[in-house]
Amino acid sequence: MPFVNIKITRDGATAEQKARLIQGVTELLRDVLGKNPATTVVVIEEVDPDNWGIGGETVTERRKRKA
Amino acid sequence: MPFVNIKITRDGATAEQKARLIQGVTELLRDVLGKNPATTVVVIEEVDPDNWGIGGETVTERRKRKA
Amino acid sequence: MPFVNIKITRDGATAEQKARLIQGVTELLRDVLGKNPATTVVVIEEVDPDNWGIGGETVTERRKRKA
Amino acid sequence: MPFVNIKITRDGATAEQKARLIQGVTELLRDVLGKNPATTVVVIEEVDPDNWGIGGETVTERRKRKA
Amino acid sequence: MPFVNIKITRDGATAEQKARLIQGVTELLRDVLGKNPATTVVVIEEVDPDNWGIGGETVTERRKRKA
Amino acid sequence: MPFVNIKITRDGATAEQKARLIQGVTELLRDVLGKNPATTVVVIEEVDPDNWGIGGETVTERRKRKA
């Protein structure tokens, strides 16, 4: 019955990678806490780099600065 | 003053259906807890079936398998 | 498969009221969007009035001011 | 290490405005609580006015009614 | 830079189990998407069974019924 | 109408500090985006250091290691 929300920047994660994340988190919750995979929900949110900030700046700015 | 966040898979919910959800949840909070509708906020998030997992697989895979 | 998160101030909602909220939201999603109740998850979070702000002040302050 | 999630209606906020929000929230957490900006994460979500409800109606309806 | 929020019912997960969850999710994001562990944040929320609903009823009711 | 959720570790933030955070974020949204303070909601969540992970370890472990 766990609910997991994963937020990442939108950077071209493939459907196959997202499927692996979902499978991996579901197995982890089963292995560590005995949670039932059938009712484990995982939602991935992909966020525009303009809308993600760390260190007080957007990821867009940070990447420009580091390029 | 309640805040409600509804996450569903993106499957063509219409503007009218979303309006009914918002109205229904707001009335429920008024009826059950006496919450003021004027400051009740409801946000609906529609999530790509590739980004929603249940039972360790994405909804996309699950639907293919069941088709 | 929907996931609903309801945030309210912690003001003594009873177990019975919370059960009614959960039932009501689940039925609403079934009636409006045809969502399966068996996999509809609803999580209620009760938040201290010191930690909830509206209009730029905490609910604690607002209530004092209005008392 | 704080995590801040800002949800607003999608109404044409510019990259520059979003950068100012991220910078401002990060500085606020440093000034008020001494939080380290390097590990402060801010995520902005822009929500369609059809998917945002207040007062029991969507923002789309509310704006039409008030126009 | 990912942010992960794990919601589970409050059922006595130990500090050691929570540490394993945090480590496991962080490694998964590194292995699948190449995300930097140093800025991966994981927040676990433990929710009272009275406040968690599935199938239209609270977990508290569901357990009583199944006992 | 914005909704802001601030998650921090539970480390003794005072009611006065939380009130300043709420006021500051609300003013920022008014100044940068013209958002109406009357309907701006801010919710602060304080999370146990055992339940917060960064760099693959809990904050509890990290602090012990650095002490």
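The letters A, B, C, D, E and F name the chains in turn, as written, and every chain counts its residues from 1.
Everything below uses one rule, namely that contacts are C-beta pairs under 8 Å (C-beta built on N, C-alpha and C of every residue); 3 or more make two chains touch, one makes a residue touch a chain.
Worth saying up front: this structure is predicted, and the values here are computed from it rather than measured.
Enquirer: Please give the intersection of the contact partners of chain B with those of chain E.
Expert: A, C, D, F
Enquirer: Same or different for chain E and chain F, where same means more than half of the interface numbers show up on both copies?
Expert: different
Enquirer: Report the inter-chain centroid distance for chain A and chain B in whole angstrom, where each centroid is the mean of the CA atoms.
Expert: Their C-alpha centroids are separated by 20 Å.
Enquirer: I'd like the Å distance between the centres of chain A and chain C, where a centre is the mean of that chain's Cα atoms.
Expert: Going by mean C-alpha positions, chain A sits 25 Å from chain C.
Enquirer: Of all residues in chain F, which are in touch with two or more distinct other chains?
Expert: 1, 3, 7, 21, 25, 39, 41, 43, 45, 52, 54
Enquirer: Chain pairs in touch?
Expert: Those chain pairs satisfying the definition are A-B, A-C, A-D, A-E, B-C, B-D, B-F, C-E, C-F, D-E, D-F, E-F.
Enquirer: Can you check the complex and tell me which residues of chain F touch chain E?
Expert: Those in contact with chain E are residues 7, 45, 47, 50-58, 60-61.
Enquirer: Mind pulling up the chain E residues that touch chain D in the complex?
Expert: Of all residues in chain E, those touching chain D are 1, 3, 39, 41, 43.
Enquirer: In the complex, go through chain F and note every residue touching chain C.
Expert: Against chain C, chain F makes touches at 15, 18-19, 21-23, 25-27, 37-46.
Enquirer: Under the touch definition given earlier, write down the residues of chain A that touch chain E in their complex.
Expert: Per the stated touch rule, the residues are 1-9, 13, 17, 20-21, 24-25, 28-29, 32-33, 35, 39, 52, 54, 59.
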